[in-house]
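One chain, subunit A, appears in both complexes that follow, with subunit B as partner in the first and subunit C in the second.
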Partner chain A sequence: MSLAHDARVAVRPAAMAQRPARAWPEVNNPAAWIVVVLLLIMPLIASGFFLIEIFATTLILGIMALSLMFLAGYGGMVSLMQLTIAGFSAYMVAVFGISGNANISLGWPWWLAVPMALALATAFGTLGGALAVRTEGIYTIMITLAIGAAFYYFTNQNWAIFNGHTGINNVATPHFWGVNWRADIPFYYVVLAVAALCYFAVEYLSRAPFGLALQGVRDNPRRMAALGFNVNAHRIAAYAFASFVAALAGVLQVWNYRQISPGSVSVGACIDVLIIAVVGGITRPIGPFIGALIFVLLRTFALDFLVRLGLDGNRFRLLIGLGFLAIVFWSSDGVIGLWQRWRQSQRPRNDRQGGGRGHG
Partner chain B sequence: MDSVAQRLSAVGAGAALELRGVTRLFGALAALTDVTITVRPGERRAVLGSNGAGKTTLFNCITGDFPPSSGTIRFFGEDVTHFPPYERIRRGLRRTYQISALFPGLTVQDNVYLACRGVSRGRFSFLRPGQNDALMHAADNLVQAVHLSAVKDQRVAELAHGQQRQLEIALALAGAPRFVLFDEPAAGLSPTERAELIDILTSLPAHIGYIIIEHDMDVALRVVESVTMMHNGRVFKEGLPEEIQSDPEVQELYLGGGHE
Partner chain C sequence: MSRFVERHPAWALIAIIAIAIVLWLIFAVWPPGLEEAIGRKRVFLNALFNGITLGGLYFLVASGFTLIFGLMRNVNLAHGSLYLFGGYVGYAISTSTGSWILSFIVAFIMTALVGVLLQVIVFRRMEGQDLRQTMVTIGLSIVFADLMLWACGGDFYQIQTPGWLIGPVDLPLITAVKSSGEPVYLRYPLVRLVIFAASAVIGVAMWLALNRTRVGMIIRAGVDDRDILAATGVRIQLVFVAVFAFGAGLAGIAGVVGGTFQSLSPGEDIRFLLASLVVVIVGGMGSIPGAALGALIIGLAEQLGSVYIPTYAIVVTFLIMVLVLAIRPQGLLARR
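For the complex of A and B:
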């Protein structure tokens, strides 16, 4: 054990001299470039159904799960209210903007309603975070789940703003420069641009002082305080950032479905975001998008598949649940963890890296 | 209340660290009772005592990890009794932990960089450090000072125990420390590593004072000029290393009567 360790220490310095951890890992990865090109030319390949129902939906769910990945993977804080923040943002777009429910919506143009929704949802998530950071581990999960459940029941019962269980329908989507931005192809590119922005922001931030300090807080909050960091302020700032990311996803979500109702912010949906993030892997920002793709594919096609096998189509959640169990059982960092391990087993022995990033 | 007057009167006192009647209770158990200690700037002192004597609790009270139940703590004249830990650290206090308290998911370099960042501005910066980042250079120098340059891009979880202890010290020396609390820095080190540790401690700039908790008398008495002996949460004896070593009461309590 210690001999192998020493050998590796001796081999590595030359290879590590250019500090690969600090560079963008994607730039030299041909597979990443193929994915980028594929995503960019997707409207040429895919039909409108695939473009929106599969890829845009995947990216939107991926952004929500990315906000959870940022908190859980870098900050060690499992927040179950990320979907609630997105839902809050979606409701605010509907309430401040234009919708079929003229008695509720204020009729602001989208370029006023969206910043308002983002600001309010970020404030909402930051406040929730300020409550949650006073707790650790399972209590963080409980308090954020409680916020999510409270919001769900509140939207169900409040008619003045949230229009009760019917929700707000026919939400207007942006039209400008002569483009209907909710038409399939423009909307796909809007979603792709926002998803790319969020992905690279999280990736970039992970190596910036704020992100590094957040990982320090994850690994050892007490020591962070003994290094001069205000740990709770750091955690709350992380919630603020993650809330903004989730709020962006919420805006896209309400434009996607053109309506928002309590069903979209149910407790089950909150947990779906957790499943997506965990299945994909919460150690790297690509994980949530992979998880979201698996989730959306299963949700869309498992029904037909199960029916063809002569089973009840509504059992697609059983498939998701079994997949979730299998992945959590075999790999603590999701599909990307499995992938990384497979890649390492393909490499010559002395070239191995340290494996996936540990998390708490 | 009259904190301005208190601060002004205390500035003249000139002590680096001044504890007055510090008591720390855990429920009914008094881990520290009425501890009064004054340490000059630049002074190097050992705290000795058997297990449960209250040495680490003393450190936790000084850094604010656990606030004292009563008593006052002044750091360079300023009353820091009710300050959170990070405010004390930003004023030049540092500490190491008995059981290494590092960031296993990050590299050695990032660990030290965080320590440098913690005592300077830009803790919340969204911008990655550039090629000529001053703090990155400071971190490089610290990594070199504790002989960890060869492993600086390795994750801390992969380091050997001795290397982790060295990193533990590097984290406490980031920025401009004025006073350091070393909690058993030699724990689990080999004789060679102990020699290196003594080297690091004796080569610290003269203005940096410290308190060291150390069971190994060979290490402790070679790097300090004064000794505080603790027993059952109280200060039992204070004096020069020779005095403490030759004190019959101390010998009976600690140096001789070890195993039960």
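For the complex of A and C:
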């Protein structure tokens, strides 16, 4: 009756079990190569606005959601505090680095501030994870949500470190080798590189002994414990890794917006990350990025789109919520699941479109 | 109780001493040295009473949440939305009819209806899939929040307190002694006391209904093992709908209460959802006495914290949760 049971039901079609023998499935997939080339030459195609506001933002949100996907998909632990970890790391970059609030920021150079932020955020996330693994299933959701909310209210109230509800502005971005790394094109490549790194790290880890053990823990913790695996240690290690990924996203986020405030770590934003991961699909690492792209496109263009249809443009969240509901109702592994089911229904018989109620 | 004393004599002693200290703080006239150290007694008593009454409000929200969870294993993350919905309904009724009592009744019925719809349309279709139900409730809470923002706007609403409840009353608690030797009594808003009494009555009634009636027995049996209960011929779906409606209705009542002594605005739904989450985590999921204890602890921690350590009030609440998780992960009064 626990989440482990649920997650197994949801994740079954992901073919994790069949895959370990085959390494790096992307290599043989032409679509993957097209996406890679497109992403690499994106600065030639897209203008500054699209490059940063759409694609870089998508990748950053995708990395955050990726950390959730890693925990939820492979570990069976739905953590709503991934954004909080990212936000913590963003705050730490602002606090240790250089920013407009000279009385708070310590003014360290970025190559000191960033590792410090990553280390602290990872420690923070691991501690939170150590708390969360004491409970199971839906309790994990509630506890991580409570941690996220506590952090949000704390940043709102604390002026000594987090500068209250105004947050920290004008955070300095790295500038070295004669390149301003926050200029549109270099920044896009930095984000892309980090996203690719995280993506392949998750992909690799899912096939490494640790990842396989983690999936075993997800499917049947008691059996894994009987086999001599330390169940909680695996879960906490998964939290540590996911926290590091989320912390990387946080660093990129604070460089992207050059400021950080409690609004960016609000409860709604925490839930957005869950929405992104679920809409994209939590069975494989590409899902969160697809979800993030949909989310960012909706967020950016829903207003114009709704107004053009003659509706109230402010109903963007309604659209997101309804879309999320529809996905959760009809597909337990998000857009990827829909796509796969469509492909499967295409292959044997062309008349059976749309799939059935599926496995969820 | 006596078994607890036998098993943990040291803890029992500490608890008795703590209770004695609190009682002394409440009833005694504070010596000047103490007033210098931690401030006026009036401030302390006010914070204490605010904490207890806030605990009453939290109990109303959290008891419905915990009841629904206990029976259906359904974490209803749209519970905060039901709270806010009840509050808005109550506001609409009390402004249009001017009747405060009527607003409670209508809010209860309306939110209970929403609860019935949720259970029948949504949750029955995905029974036993905790995670998916939770996700659906997250989606629903987003949709509800936006619909309510659409309908009611982003303004603050406050429900008018009825005339016969306005104003403070003197409580027989001495806050200070004037230089003339005349005692000064604590004055406290009547409406908060009435609401607290009402929530205590609801809590006791719920406890009695659960432990002394046939329906309560069915519900308790369902909490323990709903499959066997269904196998004995109880129409379990009907019980589910009734419990969901009642839990949702409680959230609606709590919305009117919250709208009376605080205010209603977008964002309150999440605040109360989180409050009830923390309350049931501390008290133990699915336990009504646990919800009462948790609500009291969290309410007191919030109010006393905001008076004595204003910057870190929220952290105190959080630390309590962490402490409970570290010592008793299942919650203070949970059986399992």
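Points worth noting:
The rule is short, and it goes like this: the second predicted complex is superposed on the first by the 326 of 360 C-alpha atoms of A that agree within 3 Å, B and C clash if a C-alpha of one lies under 4 Å from a C-alpha of the other, contacts with A are read in each partner's own complex, and residues count from 1 in each chain.
The rule we apply is simple: a contact is a pair of C-beta atoms (placed from the backbone, for glycine too) under 8 Å apart; a residue touches a chain by one contact, two chains touch by 3 or more.
Keep in mind that this is a model prediction, so the values were computed, not measured.
Residue contacts after overlaying the shared chain place A:F229 against subunit B, while subunit C stays out of touching range. By the touch criterion stated above, A:L205 is placed in contact with subunit B alone, subunit C being left untouched.
Touch criterion met: A:D219 reaches subunit B, while subunit C stays clear of it. When the two complexes are overlaid on their common chain A, residue A:P115 makes contact with neither subunit B nor subunit C.
With the contact threshold set out at the top, residues 2, 9 of subunit A are in contact with subunit B in one structure and with subunit C in the other. If you check the complex, the residues on subunit B that touch subunit A are 63, 65, 84-86, 89-90, 94-95, 97, 101-107, 109-111, 113-115, 117-119, 122-129, 150-151, 153-155, 157-158, 160, 171, 174-175. Those residues of subunit A that touch subunit C in the shared complex are 1-3, 6-7, 9-10, 78, 131, 134-135, 137-139, 141-143, 145-147, 149-150, 153-154, 157-159, 267-268, 271, 274-275, 278, 312, 314-315, 317-318, 320-322, 324-325, 328-329, 332, 360.
Interface of subunit C with subunit A (complex): residues 73, 75, 128-132, 134-136, 138-140, 142-143, 145-147, 150, 270, 274, 277-278, 281, 285, 310-315, 317-318, 321-322, 325-326, 329.
Within the complex formed with subunit B, the residues of subunit A that make contact are 2, 5, 9, 12-13, 16, 19, 21-22, 204-205, 207-210, 212-213, 215-216, 218-220, 222-231, 234, 237, 354, 357-359.
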